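Below is one structure, written out as structure tokens; comments come after it.
Should a chain be cited, it is by its letter among A, B, C and D, assigned in written order, with residues numbered from 1 in that chain.
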Amino acid sequence: MSTAAANLQLQDAVFVMIAIVTTGAALGVVFLRNIVHNALCLVLTFLGVAAVYFQLNAGFIGLVQILVYAGAISVLIIFAIMLVMDKEINQTNLPIPSLGRRIAGVYITALLVITLVLAIYFTAWPLATGAGAPFDAVGMLAELMLGDYVIAFEAAAVLLLVAVVGAVILAKGVEKQ
Amino acid sequence: MEFPVLSTTLFVPVIGAILIMALPAKKTGAIKNIAAVSTLASLVLSLLVFIAYDRQQGSMQFTEMIPWVQDLGVNYALGVDGISIPLVLLTNLIGFSAVFASWKIEERVREFFSLLLLLITGVMGTFIATDLFIFFLFYEVVVIPIYLLVIMFGSSKRVTKEYAGMKLTIYLLIGSAFLLTGLIALFVKARAITGVPSMDLVHLASLDYPLTFEIMVFAFMAFGFGTLLSMFPFHAWSPDGYAGAPTAVSMIHAGVLKKIGGYGLIRIGLLVLPGGARIIAPVIAVLALGNVVYAAYICLSQKDLKYIVGYSSVSHMGYVLIGIAALNLISINGAIMMMFAHGVMAALFFAMIGNLYEKSHTRNVDDFGGLAHQMPRLAAGFMIAGLASLGLPGMVNFIGEFTIFVGAFSTYKVFTIIAVTGIVLTAVYILRALGYVLFGPRKPEWDHLQDLKGPEMVPLMVLGTAILLGGIFPFTIMDLINSGVGEIIAQIGTLYVGGVL
Amino acid sequence: MLEFSLHNAWLIPLLPLLAFALIGLAMHRWPSVSAMISILSIGISMLLSALVAVLVFSLSPGEIYEASVRWLSMPGLQVNMGMLVDPLAAVMLVVVTGVAFLVQVYSLGYMKGDPGIASYFGYQSLFAASMLGLVLANNFGQIFVFWELVGVCSYFLIGFWFGKYSARDAAIKAFVTNRVGDFGFLLGILFLQIVFGTLNFQELSAAIPGYTNAAVLLPIAVLLFFGPVGKSAQFPLHVWLPDAMEGPTPVSALIHAATMVAAGVYLVARAFFIFNAIPQAMTLIAIVGGLTALFAASIAIAQNDIKRILAYSTLSQLGYMMMALGVGAMTAGVFHLMTHAFFKSLLFLGAGSVIIGMHEEQDIWKMGNIAPKMPVTTWTFIIGALALAGIPPLSGFWSKDEILLGAYASGHTGLYILGVLVAFLTAFYMFRLVFVAFFGKNTAGRDKAHESPAVMTIPLLVLAVAAVLAGLVNSPLMHHVFGHFINAPGAIQPHPNTAIIVFSTLAALSGILLAWLIYQREVIKAEVIKEKFSMAYKVLYNKYYIDEIYGWLGVRLVDGAARVLFWFDIHVINGFVNLTAWFTGKSGETLRYTEDGQVQTYAIYMFAGVVIVLITALCGVFTALA
Amino acid sequence: MIGLSHYLIFSTVLFGIGIFGMLSRRNAIAVLMSVELMLNAVNVNFVAINRFVTSGQAAGQLFSIFVIVVAAAEVSVGLALIISIYRHRKSVDLNNFDLLKW
């Protein structure tokens, strides 16, 4: 019992640590003025979120998160930064000049977070008993993906294809006759 | 499965429109012939329906039903009864005449006639749909061709055609927005009562709704349909719209499109929401007086022929409204008769005005004089339309007016007395206008005008015959109407007006 | 044969209607064929009518024949097209078909060479059909239908020469004035329908005596009387009739003297049971009639146009008939209607003959001493004038006397005196016309005068015979056979009174004598009188300025109100509409600056929306919790 | 004791930071990165609710996978757009792109 309880407490402590690190990294994404730093913070955030997934018994998703986000997307972003940066590197991520819009942004963010937190607090979540028991998530995902959700799955495939083609055309530019 | 005569009637013009769109734009003769043939086919079919309808049996006949959106209870359901047949017939009479009244159009012929045919289908669809959704769908089908026809082919006088088209369309859409709200409220309430989604009019009519709900929804419908019927003070679109519109559109708009308002008020308003009708009817009756007297007075000061007929049609719709508002068998019979009568009359009037305008490029009463010398046939057409308009016995309009007056008088004494003054005012403005245009010394500047001939005679013959036959043998139409209205009255029980007047 | 004609009396109006349809649809290209069709149809109708009359008058009084077909019906409203053949209808049938036939024959000569002959005869046929339908009607619905139809025929025929502004305006005026009367008439009919649930004369006459609510019956009677006031051109709706003389003269003779304008009198006689139930209504009718009689006769004195004099005379005589009905002498009223139809159409046709003979001259002062040139016209005209003046033993004498007798016997002494005065005035203005136009000193136009062709003079002669003899049917010589048949419960049937006969004859003779003294012997100069009473003369010459007053009222009230309301419509109602449009446009104009093209601004709006929705939802949750 | 609420509040915070970044940065790439933050927050929600409410099922995880797929597509297209814009305007500053204003 005590080991289980200790285990739980350890898990809690780990979650708090992950949350702090991730949130800090997210703040870094937004507030640091160097776009490259932002990108690196973003990678850190992705990894933090992946850690949360692992904690939530969703190992497969965590892996996907690391591969896709921390791996592919981050690289893409850094490439993009590399392609478009031509200014002083420490001035690459400035806030917008309009003070009014910044204040509006603060208000909206604050209101949204407060209402969401209130909503979360006041919602009676129908928590499942015995949650957290490990199960074959990957197998079920496979069944769902190729069963009930096969159309969505195929559509996602097409979407990716279209995105790739579109991205190539957009980035390459259409040659003028 | 029987031959789907209503669907055929309904979609023959659409087929015509598709054929026309497939033709090259230069083949104007073929385009006009296709339009004429398809409207003639519809006319013949609707005449068949008129004759073949079993008046003893009553109720909806020639019904067709194909399930469509089952989750919403929407069916493609058609059917006609004594109320809708005269209006379907009216639509086709006017549609056929309108094609010939536009025979002289030489620009964008293909667009014109295909839009016109779509318009005819749309109007006809509202009268034969027995499903609320289909009713509304066809109503919306009407709006777009009207707008395009007005701004593409209209004429600008006191107001520009763009203004007229825009005003017309926006009014129609505002009306339809209120209507839609009412319809949705009705649908939702009915589903709450029975648990079954249904848009079927008969089903909706068979339910009992709470009184406050009926009043509210009826008020919405009265506004929506009232706008369509140019109920005072929502009539502002009507004269401007007619003045701006090309002849065929004026004919169809004044002739049948307006009647959708009265038809809907009876078919959906009275039948489904009798309780609301009882409370709101006196309000409608007061506004109807506004139509009758106010618009008739304005006619007296008009110089443009289309404005005269435009305001006069507002005035005549007052009779229809007071007939509906009186809520008894006789008055509603009269209201429907009046809708038919006014339809043919107004269409004939606009056809004649359009013809004259096409040749003389003016519609100002003061510019004319003594035209009966040069154009006796046109003068005959004007005379028939004018005398019908002022309710001369022997013309179908008299039947409508007289019946309305008898019915309305038993409900609203004072209002009816005021409404009857309309017959005097109508006589004044109609006779003055006709007198100034047709009579008086021959004016040499109009010697070059050619009298009606060939295709131009068709509107006069078709509509004039309808006016006279209906007036001389009113029982042919009235028995039919009575079979429909009698059923409504039987279904909703005796109606009485809520207020004391 | 007699039975056949009675049961098929519906053919009488139908034949002219068919003639109209035939002319209108097919024959209007051949004028003479059209004329023949029209005359033939009315001729057959006349024969049928005569047969009907013979049969009806051989039945016992009070026996009627009624039949009808369904026309417009629904639960609670039944309007039939029917026929009610009784002595009253039979007399009217004979009068209408007879006069119409003669007038149509006469028109052959009068309208010769007019380009519109075919439509003229078409309208004539339509008029005959409508008038006969009106006469035969067995219910108010039907009578209203034909009432309006004769009105529209009158409109067409007054405006027959539509190239003239005056004809056009007169036609419009006639129709509109009649419409004012019909407004009340229609309301009266509506009242009857609502109160009694039927419009049939027989059913109403059975129901009315049992109905005692005078508060309902009085407005019904007054409203119904509006119709006759308009159609029979009683004061104050008389203004259209003099103007109606713009139509061809035969039309004036048939429609605006003999038949259509008498329809109002006929209606009052037909619905006598309603009016008679309400003494106040009867008094109103009598006073309106008497007033019109005097008023029109006084105007006639000062007119110079031959047709206008006759028109005012018609007004005056119609007033006489109304007065007769109003005092309860229904027989006398109808009797005078009949005799008047003959001698007044005779006078009009004679006037037409003069007008043709004088080449479209209508001013009596420009005629003068045409008697030798136009003997037939002159002598028939004089017979008509004598009949109108009421000189025994011509027809006008008998009927006018009955009216005066009725007024006296019913105790309306004031109206009686008024009647005698009118008789005097009538004789005076008629012989003023005769002496000036036919025997005047002025010889300027005499040479061009010529007698009309036989096709015109023969109808004159026939009518002259009728004008002489028609009065005998209700004379002691024929044992008052007319009054025996044409009567109504409650109508008075006074015994002849020698004093009254003598007195009214003396009044008429003195009128003639005065006219002779002034205009023939010139013992008293007309100019002198004119000078002396210049004010009165002016008022009379200008018809009491009633047209001017109506014109002023029409312009001020109706057209003024129309302009005001149009202004209101354009600027207030349309203004409101345009204001909403302007407001929408303006707010769009203003609000578009919120779209600054910055993607983040849009994001702000979007999330602001999300926040609002969330807060709303949350509030809902809180209220549910509380 | 860490429960569902904590995970949700964590994701809310992440989401809020994303929103603020999106609303207040002028660099298009930074905005794109903020969007990624928001998407991640959403995914955390999916997975957390899947774990605590519909335990033993995988639908929530499946949806997060779909979100990742869509996000990948979005990023690739978005970056391509940014590059394309940069090529024409020599800038990735969102304040300079207001051609579609009023």
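Keep in mind that, in the parts below, a residue touches a chain if its C-beta (ideal position, glycine included) is under 8 Å from a C-beta of that chain, and two chains touch if they have at least 3 such contacts.
Predicted model only: the values in this text are computed from it and were never measured.
Could you run down the chains that neighbour chain A and chain B together?
Correct list: C.
For chain A and chain C, let me know how many angstrom lie between their CA-based centres, rounded off.
From the centre of chain A to the centre of chain C is 96 Å.
Please compute the C-alpha centroid of chain B, do the same for chain D, then give the distance between them in whole Å.
A distance of 57 Å separates the two centres.
Please work out the Cα centroid separation of chain A and chain D, and write it as a whole number of Å.
Centres of chain A and chain D (C-alpha means) sit 6 Å apart.
Distance from the CA centroid of chain C to that of chain D, rounded to the nearest Å?
Chain centroid spacing, chain C to chain D, equals 91 Å.
What parts of chain C, by residue number, touch at least two of the other chains?
Within chain C, residues 598, 600, 604, 607 contact more than one other chain.
Mind pulling the residue numbers of chain D that touch at least two other chains?
19, 23-24, 94-95
Among the residues of chain A, pick out those that touch two or more other chains and give their numbers.
96, 101, 104-105, 108, 112, 116, in rising order.
Could you please write down every pair of chains that are in touch?
A-C, A-D, B-C, C-D
Chain A touches which residues of chain C in the complex?
Contacts found on chain C: 598, 600-601, 604, 607-608, 610-611, 614-615, 617-618, 621-622, 625.
Touching residues of chain A toward chain C in the complex: what are they?
96, 101, 104-105, 108, 111-112, 115-116, 118-119, 122
Going by the contact rule set out above, which residues of chain D touch chain C in the complex?
Going through chain D, the ones touching chain C are 19, 22-24, 31, 94-95, 97-102.
For the complex, give me every residue of chain C touching chain B.
On the chain C side, the touching residues are 70-77, 79, 141, 144-146, 148-149, 152, 155, 159, 162-165, 167-169, 171-172, 175-176, 179-180, 182-183, 186-187, 190-191, 193-194, 558-559, 561-563, 565-566, 569, 573-574, 577, 581.
Tell me, which parts of chain A touch chain D in their complex?
Residues 8, 11-12, 15-16, 19, 22-23, 26-27, 29-30, 35, 38-39, 42, 45-46, 49, 52-53, 56-58, 60-61, 64-65, 68-69, 72-73, 76-77, 79-81, 83-84, 86, 92-97, 101-102, 104-106, 108-110, 112-113, 116-117, 120-121, 125-128, 130-133, 135, 137, 140-141, 144-145, 149, 152, 156, 159-160, 162-164, 166-171, 173 of chain A touch chain D in their complex.
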